[in-house]
């Protein structure tokens, strides 16, 4: 299988490195990976790292890595396009995440919903409008895998600009919840299973997807939860480590938000608690630092992200300079599996983000929804999900409606509609009309650049 | 036309009196009105008042008024059933309206949305379940006109219990907005028109219906609003009196909320500002007394309602005892017109509340929506409304979803679902999970009676 | 009310004359009627006739009639556009109606469904594509009233080319069925009513619309039909004359098809039997001349149409030359009423053809359906119809699907799709694949001209 | 994995034998198979055959076969229920297939659509109503796999009577079309693939399912068809043997109907030509014996079926008596794979028949449609199919509407509705109203028994 993969954001630290490892480990694939990044040195570093990876004896695939000067150069002839960019810099992200704190709005992530999500959308969508046009021009038949947040609005943008695009959005949050369910299975029945052994229904929008049914063989996993929660609700439980890990690891959480939502709505919200908290009224789980602590997660600061970024860049440089060992092991991500599925090498079922064409009842056609999907032989077709319980659906629909409103607003460059979406964010509840408008304007002013849509 | 009308809540002060007048003035109708009320003396008073009305020379209709001992007696043989009851007493309403103030939630009406609306639903739906069963049994072909709030959930209840019922909900809030538009027409163009001369599209849910287009002949009325608002937004404007009337009349308002929503969403919310404010985040127009004043409306207190009720009862007694003159003039309400339409005496178009079967795009089938409807010769068929702007639709859908969740919760007697709907009310935004649960429980405890659903 | 009406096909004999009379009788309207016709002398004749009409003392409206040189001239400034053209000549119609007889296909009208309907669509749609473009250019806000057949596909074409058009299709067939129901009422109960006194639900596609409920006051008119049919099914019954009128009048019929369909499907097909027979398998009512006679209607020949046309032209000429009296009485048509409604002079309810946006359950969005509609103050909004019985819906859906396929085929100039629609006509059932293709090609060859779409 | 499988129709010759073989070959399954049949000796024979199969060294599964006295006994405790019955006897089937020939209606199968399909439904649905009730009572959580024809209406019946049933309908016709596509691939590109290596979209109703897209890796299989047809359209092509096999094998066909439909509609009908021909106007492919021959398939006679049945029974008896070798090899059927999927032993994608809940656009919710579906860990969830081309959709919708009408008719025991569905069958086109009614009545009279619904 000789394929060309264009990687937009090819200087990416985290995602690209994992992808390069998984790709190198696949014995059936070969071809070219064209890295494109506005930070060309970062792409060059990744190219060098890739070469080192492929030089290892365990590397089975044959891939040539190139760095493209221009986007169109990377795209031309591509069979697959991966988009994983960091929209703007941490300066803008500091605005997204921390400026709203002056209005009492605390965000644990700040890249999807809430004021941060809206602002991030505003400055990222114009770039995606360009990507869609370039893809339509250079490689209209390529499969486009988006990894960037805010996921839903960016996938929507790709389809809005180029309706014939074959794009979907990939996210690993549901995987972690599946890992969590495997832990539940083990704790309650002693059975061991990997997340690909179980099956979960999935429906919702990215970072606010819900599992309504989950089974391992004949075991109903959600039916185990009440018992599990009796044991672990108070202490919290973390699928990837100690229940206390959230106290020192900004990405960890105790799953208490998830369990609390399950208790209230009868379905399992399938994303990290840091994300979930941002889709509901801010007074529920994000009222203030004390509330957040009580729910056993943390507010990821941009200072932390900057420090982490510095560390990752240093690692990359050291890897590129052969001063640091490069690990080579499966990452647990699904990108390469999805590509294998699309190439017809296997049948893959995974949850992705696609325009609704019937797979999610209760949400309008065309809205970007996250459900299971089958990938094989050039097909990426969604599986019809089970209806969400009415309470959960009401929460999701509010957020989904907001996204559609935001999309319409950006498409029309309508400040009124964008502001209406901003104000209707669950995290903006409780702001007065004046406060939300002032916050919106201050955030826009802080990050406005040449492409800014309003 | 010889008809029987059953009036449940036949001791009603305001609605029944207006209805009896309109009925007496119709030359083509005759028959029986059977009044039923759990407060039988009140029904007796109305019967006496009706007799005095019909004794007047201007009275053209011939109607015999009776007071029924039992509901079934009133219903048997009825062609029309009017339901206009006061759910519970002012003691419960005091809970609905004022207990939430302890949590910072101010309600201008408290009978439709918000904590008050939910509690009022909880204690009224069981009675409506009974009405639906009795109607199914005694007069399944009768037309049922509901006037009681909370309108949407009560109409939904009637259809849930007896799907074949021919019921709809009548409300005059849209009429007042049409009056307002006639004022706009006059102020901006000098043309005089009555509300039945103009035509407005209407779509939404009761008390949160929106007008997306309005015209008088070839004049686009909504296009006049920006100019009108330049002149009157600051001062406010009241269609039935002085712009300052809200300062002394608890039912008056300056339409500033309505104009503000129009500016933000591009459609005209068609209910009194007191109602509209309860369907959006409470910090927008109901944050505190000062905010309410700034928007030129007031919080109707239950103390005022009690005093008003006392006055009305005294009036009724005096009328019944022939110590007070009974006015006899058209009330401006539409009940008798709708009945005339259904009887085939004319073609009537009016806005009512019905299960959605296609008339309102963007809202699920079966949800109770308020749109225009045609009434004639035994037909009450909805007119397909224009799509709401996305921003307005998002606001409406949140409330509509909440109603469907509440309906499901009450039908299943599920505290979890009812609480989820309570907590998701726009007026409950900003409450912590603990606060909303505590408030809910305290309100339930305060009004719980034998029929209370949880 | 000073308005400009553009009349495309302004040389029309039947429709224009009735319209001019109705218009002249309206005291509240005035303005200009711009006649446009590719047969300019015919338009001139109508202008002269109009002047004579307006010179009569009973004429209350003041209208100036002009003849336009070019279409654009007529359209510019128009508030209303009426389209009533004769697509092609009788030479083509001879093909439509009589060539299929060589294949055993008999058509009673041949202008809507069946081979004749498809061919007529093929040669008319290109003209309508032009009309739509001209209207978009010259008078995008004008109301467009289409009278030409094949109605559904022509209205669809207008919306396909100019989605923002304010067009609808008007047809009087339902009116005649309402007249028939008034006869039923009188025969069975002795009550006299005019068709505007009763109300009928209506849903379907043009010339194959169905009435599922009909009432005069509290009388269920469809419930009277079984008794009526006991008396009149055998003999037939004609609402406008003798039950035998079909034997000498090619437009008359005995309503036996309609009654037969009612017996089978439980709803009343609301068009003349000549039309209805063309929407179902040709062996049912149109197998051969004998079958047609047995069902008490006739096959209108093109020879008759030609003769009739000659007579009408002669009448027109005589009227224009003042050699013949011009009658001046209400025609029973609704065009002027609809215009009055749109102008806000009254509230009119009438059945028209519009894209489905919820008014007809069971038919896809966007298909052209005929239902009741309200006309007032610039609104023409459909009323949600009752669901058709499953059997009737299946028949209608087949024809509606065929129309959508034909529309897609013509839009794409795809012979395959057009032929598929042709072959799937109920009147083409029983033809072999070769026969239907041969018939199709022969018909196309016979009428092909410069604009022919394939 | 210890499971209980109830097999209704456990005396089945063809299906049961294949199933028993596949089951015996599965190393991971064990448990009980309870055979139930009104022909108890046939079930006993199958039990003996199963024992002999399981005694073979290649048999890896451990299954105990029992014969149940009563249906309820078989069902109680069942995890899976297979229904594969022969509705009635060949005497009735003789009516289904051959009586319509007196009216010029030739049927190649006669068990799904057309007069034969309707009659078979009439005498089978009452039994399925009983099955549904028994399953609801004895094993409501069991998975129910239906193999019996007429597939759609029987699956619909199961859901109508017991809406919570977990049933689906399995059919191998699409598999054969996938085999055909593998042949196309090989003929045109030289590549060899098995049907599970390729992937095909699928949407439609049973025996009239269509493939709109098909790919093997990056090869678009439908794009190969025009070239393939140039070579093989005239001669025909049979995926399982010689292109002439239809001349001696009543189940064979030359795929000329399929290729012809592809040419006309742009999608590949995915069933044997013998089935496909029964869903379109009878004059297309089934006009008479000569036409059938020209299209390279045959009319399966009931005489042949009787003879075949005799042969199968004799084989069974010989196998049971150990006088004949029992083959033990994978059958190519999917039942055991689907069971394995449901048990969580693998992820299986296969096409099955389920109520539409979004998987097939253009067909009403609740209609039984055949699309791809994923089977794993207790899930059987449909995959959203691609839209059918308008022409093909029109053909399918007509048949689907007919099925829903038939279902409604049988549910209500309404002769009118059943007859309307009968008459609207594509195979009944060209019959007069009298002929179709007479044929219907004669067929009903010939097969009527105690349970007959009308």
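To keep things simple, chains are lettered A, B, C and D as they appear, and every chain counts its residues starting from 1.
Everything that follows uses one rule, which is that a contact is a pair of C-beta atoms (placed from the backbone, for glycine too) under 8 Å apart; a residue touches a chain by one contact, two chains touch by 3 or more.
Here the structure is a predicted model, which is why all the values come from computation and not from measurement.
Looking at the partners of chain B and chain C together, they share no chain. Counting every residue number used by either copy at the chain C-chain D contact, over half are found in both chains. Separation between the centroids of chain B and chain D, computed from CA atoms only, is 56 Å. Averaged C-alpha coordinates give centres for chain A and chain B that are 45 Å from one another. In chain C, there is no position where the chain touches two or more neighbouring chains simultaneously. Every residue of chain C that touches chain B in the complex is listed here, in rising order: 1, 197-199, 201, 213, 215-218, 220, 343-344, 347, 349, 357-359, 361, 372, 374, 376-379, 381-386. Those residues of chain A whose C-beta lies close enough to touch chain B in the complex are 260, 264-266, 281-284, 287, 291, 362, 364, 390-391, 393-395, 397-398, 401-402, 404-405, 408, 416-417, 419-421, 423-424, 429-433, 435.
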